[in-house]
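A, B, C, D, E, F, G and H label the chains in the order they appear, each numbered from 1.
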C-alpha cells in the first residue's frame, strides 16, 4: 500500500525529534515515507517533492524545521491537502522563531502547527486526519488514548499509595 | 446532510473573527454548525458538546478562544478526530497568551493551531482535512487557491503598469 | 480530619516541583491529598475529581501544570472555592507558556497564580486562605515568616563579619 | 460590620480598572474599603496601612499596580493573610512588566496573581477566599457563576437561531 | 539600462512601506523593478521570478513580507547574489514574527535583514552594495548621508535657539 | 553658572518625551543644556560633543534614543562621569528594543537606565547625582518628593470621601 | 572614613554576582558596606536600613535582586540620593522579570538600572556618581578605563599576529 | 592584494563564533582582515578604524557584538559601504538584546543583519556583495551552494536507505 503521510525535515539534526512522528505512525499502523529535504539548500528538489506529493498518494505532509522555518509553509503553498508543521527548538530563542515562522501563515495557506518539538503530536494529528475516513484507524487512535489514560491512572494510584517522598525516591 | 464541522468560540466577542471560518466553509460548500460555548463558564454543557460531537457526525472541530484559551485543548482531550485551534488576539499581550495556551499541548492531545486571528485558515484547514477523502471538495479548494493566485497576479500587473505612486493613490 | 487542600498535577514529572507545596503544608500542619490527574488524558476522571471536591471537604485546590496548562483553569471552572495555579517551567519557553495559560483567565473564573515553579508559595497561599478562619494556623504562618527573617538575619550577620571573600569560600 | 477586604492601588489612574473589584464585591455583598496608596511615593503611609490591616479586620488585600509594581508584593511581605495582585496594563509593554513584578515572588511571600487588568477576578477571588468559611457567601458566588452560564447560553441560542450574519449586525 | 534591483513584496498591503525603498533608489538614481509576488499564493510564478532574476540582470533583490515571512528567505535560496529582507510590522505581534522569520536563516542562505518596516534602509543598503563597484553611486550615497547630517544640525540649532517649549509649539 | 547636565536626544521626534527631563530640572533649579545630536547621522559632531563635555563642565549626561539606541552607550564610552539613558518607546516593539540597546552594556561602561519614556526620572536622577555634593539641591529634591506624597494623599482622601463612582465621574 | 556606598542584596545566593560591585569599589578605593537584606522577608529591618542610610553617610545605594525584584525600587522610595539596581539573572525567565521589576519605575522614584547581572557596572556607576565631586576618584576611574582599553589592544595585537586559529587554540 | 573585508568583534570571547566568517571567506578565496575592536572601551581607536576603512580598501565590514551591541551600527554610521552585523548569543537573553541592538537601526544607517551567531552567513553575504562585480567569485559561491545541496542529498539518500532507527544509531 502506498504511504499516506510524507514526513520531511530541513536537516538531519532534526531527526531525533522528528522520529517521534514516525514512531507514533508505526504504532498506529499508518504508512509513511520520511526524508530530509531543505527548501533553502535544494529548492528545486523541494519543489518537485511538493508538486508530486499528491500524485504519489500522500494525503498529509508533516514538515519539521527550526529558526526561519519555511519548509512547512512552502509545502502548504504547493501541496493542496493538510500540512502539519513542527517547530524545532532552537538554541538562542528556544524555538519561538521556529513557531512564529510556521504558525503565522497568511490567509489561504494554513499550516496545522503543533507544539515546539511536538513531533509525536504531529504524527498523531496526521493519523486523526486520516481517521476521518478510516474507522479502523479511529479505533486504534481511541485505544492509544485509552492507554495514555491508563498510564496516568497507574501513576496516580502509585503516588496515592506510596506518598510523594517514596515515589520521588523511585523516580531517581 | 449533517454538518461535518463544528465551530465553537468561548465568547460572542470572538464572532467577528470566527465568522471568517464560516465564510470560507460557505464558499467551499462545507456544512458546519456554529455556536458559543465556554469551557470555563459552562463546563457541563461543554463536556456534553465535546462528548456527543462524534455521534452528531462532526469530523472536525474548530475552536477559537483568547487569553488562557482552554477550549481547543479541552475539545481535543475529548473529541477523537482533528481539533483546530484559533488563538484570538488580546489587548494586553497581542494574542501570544492565546497562542501559547493553544499550541503548546502535551504529547497525545494535538491541536492543529493556526495564526493569531487566523479563522479563515482554520476553516480552510478543516476543508482540506475533509478533502482527504472528498475529491470534489479538493477540486473546489484548488479552485479557491487559483483564485487567490489570480488576485495577486492582477495586483502585480496593475502595480507594474501604474507605478507605485499611482497605485497608492488608488488605494486610499 | 478530612484533608482541606487537594494538590493535583498534570504529570508525575511535575512532582519534584509540586512536592514543595506538600512540604510546606506538612510544616504548617495542614491536611492535604495529592495525586496526578490529567485534564487532557483523562477528562472524565478530572471532571469527577473537580465536581466532587467540594463534597469531599476540600476548601482549596492547588493545580500545577506546564505548557498549554489547562488543569488550574478547568479546576476553577468547576470547583467554587479558591484554585491556586502553579506554572511549571518548560524547556523551550522557560514556563512563559505555562504562566500565560494559567494567569490570563477570563472574567468570572479566577486562578490565584504564583511564580513559575512556585509550588512552595502555592502551599503557603493555601494555608493563608485557610488561616482567614483559623487563628491557630495563622500563628503557625507567622512563626514560619519569623523563621525566614531569622534565616536572612543570620546570613547578614555572617556576611558582615566574614566579608564577602570568606563568605563565598564557605558557600562552595 | 467591619470591611473584610482592603482594595488599594498605586495611582488613581488605575481606578477605572480597580473599580471592577469593588463592583463584584458589591454584587456579592462583601464589605470592602478602597483607597489610593503608593508604596513608592508614601512608603511610611503604606507601611502603616499594611501593618495595621490585620488589626482593622481585613482578611484579604487586593492590590493593583502597573510597571515595576511593588505594591502587591510589599503588602504580602507585611500582611499575614492572602494578598491578591492585579497587574495593570501598561502602554509600552502591555503589562508584562506589571505581571512579572507581581507574580514572580520569592519563596515565602506569595501573591495570588490574576490576569492583566483582571480586577473583577481579583474581587471574585477575594470573595471565594472568604467563602471558605462563609456558606452563605459561597451560595451567592454559585449563583453568580450560574448567571454567567445563563448569559453565554442565551448568546449561544441567539447565534444558533439568527445565524452569524444577523447576529453580527445586531452587535454593531 | 536594465534595472539592477528587484523589489518584491508578498501583498500590496505592504506597498505603503515598501515604496520607501523605491523612493530612496529614485533619489540615488538606481534603476529598479517593483512588483507584488507571493511565494505562498503563486509559488510557480515566484520560482520563475527568482530563477530568472540573475539572467534579467538583477544584482540585488529586496523582499518585504509580514508574519510567517518566507519571501526573502526563499529568494535567497534561489538567487545567488544578495537578498535584503524587510520585516513588515504585524498587528498582533508587532513584527517580531516577521523579523524572526526573515533573520534566523540557516547556514548557507543569508538574508541581509533590516529593521521592522525598514524599507528605506533596504533601498539604501541595496545602493551601498552596488556602490562597492560604482564610485559615482558611492558619491551620491555620501551626499545623501551629508544631507541627513545637515537636517539634524538644523534641528539642533533651532532647538538651542528657541528652547524646547517654543520648539514643541512649532511641532504641532 | 555653567550648566551641569547635558540633555541629548537622537531625533527631535523624541523631544515631547525628553522635555520632561528639562521640566523637572527647571523645577529643581538645576542648569542644563539640551540639544539634538545623532550618533548615527553625525558621528563626528557627536564625538566632539562627548569628548568636550567634561571640559564644558557637564557632570551628568542624559541621553534619550529609540530602536537600536546607541547614543547613551556611546556617550558613556567617552564621557567619564555618569550617563543616564532614556529608552524611547517604539511603534513596533514598544521600546523593548530601545531598552535592551541601552541597559545591556558590557562591563566597564555603565549606563544608568530608567524606564521606557522615563525622561522625568532621568532628570530627577541627574539631580540626585548632583545632590550627593549639594545639600541645598537635596533639600529641594526632598520637597519635591513630599509634594508627590501630598498629591497621592489628597487623591486618597477624595476617593475615600466620594466613593469610586463619584470619583470616576469627576475624572472624565 | 565612613562608607559612602551601601551594597545590599535580597539573598546570599546573589553574592557571587554582587561581589563584583565590591571588587571594583575596592579597586577604585571607594569605601562601602555590604549586607544581605530582604525587603520581603524582613520589611522592618529593610525600612530601618533605608531610612537611616542618609544619616549613616551613604551617598549611593546599590541593590541587587531577582524575580519580582522590589529591593531597588523600595530603597529608592525611601533613600533620597541615587539608588542603582542590579537585575539578577533568573532560571525561568533569564532575568527579564528582574529587569522589568527594577527599571520600569513610576515617575518620581528613579532607579539607575544596569544590565542583568551587571554588578561590576553598578559599582563603577556608584564610583562615577561620587567622582562628580571627587577629582581624585575621577582620575582613578579614567585610569581604570585606560586599562580596559589596553587589555583590548593587547588582544587585538595578538589576534592580528597569531591569526584566529592559533589564537583560539590558546584560548582553550 | 588588499583585503576587501574587515571583520571586527567587540571582544575576543566572540572569536569562536566570528571565526566562522573567516573560514567561509577562506574557502571562497576572499581576502579579509580580522581584529578585536571595542567601540565602548576604545572609541578613538574604533573611530580611526571606521574612518580609514574605505581608504584601506575595505568594501564590506562584518561586525559582531553581543548585548547592547553598538559596533555594527556605529561602523555603519561612519563607513559608507555595506556593514554586516552579527548578533552574538547572550547568556541571559539568548541574543535578543544583541539582535534588537543591531537590526533596529534608524533610517539612513542600514546594518545588514544576519541570524544570532550567524557569522558564517555574514561571511557568505560579504562574498555575495563582492560577487555582484566579480563573476569568478560568483561561480565559487554557486559551487559552494551546490556542495550544500549535495550534502543534504547524501543524507536524504542515507536516511531513506537505512531508516530512521539505524540512521540515528550512526549519529551517536
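Observations on the model:
Quick note on the criterion: contacts are C-beta pairs under 8 Å (C-beta built on N, C-alpha and C of every residue); 3 or more make two chains touch, one makes a residue touch a chain.
Owing to the predicted nature of the structure, the values given are computational and were not obtained by experimental measurement.
Graph distance from chain D to chain H, where chains that touch are one step apart, equals 2. Repeated interface, listed pairs A-E, G-H or C-D, reference D-F: G-H, with more than half of the contact pairs matching by residue number. Across the assembly, the mean Cα position most removed from that of chain E is the one of C.
The geometric centre of chain A is 33 Å away from that of chain H, both derived from CA atoms. The centroid of the Cα atoms in chain E and the matching centroid in chain G are 41 Å apart. Multi-chain contact residues, meaning those touching two or more other chains, occur in chain A at positions 11, 38, 41, 67-68, 93-94, 96, 103-106, 108-109, 111, 115-116, 145, 148. Contact between chains, per the stated criterion, is found for A-B, A-C, A-E, A-H, B-C, B-D, B-E, C-D, C-G, D-F, D-G, E-F, E-H, F-G, F-H, G-H. Those residues of chain D that touch chain B in the shared complex are 89, 94-96, 115-117, 145, 148-149, 151-153, 155-156, 159-160, 164-165, 167-168, 171.
Taken in their complex, chain E has these residues touching chain H: 59-60, 80-82, 84, 99, 103-116, 118, 120-122, 124-125, 128-133, 138, 141-142, 144-145, 148. Of all the residues in chain G, the ones that touch chain D in their complex are 10-11, 38-41, 43, 47, 66-70, 73-74, 76-78, 90, 93, 96-97, 100-106, 108-109, 111. Looking at the complex, you find that chain A touches chain H at residues 11-12, 15-16, 18-19, 22, 33-38, 41-42, 45, 67-68, 91-94.
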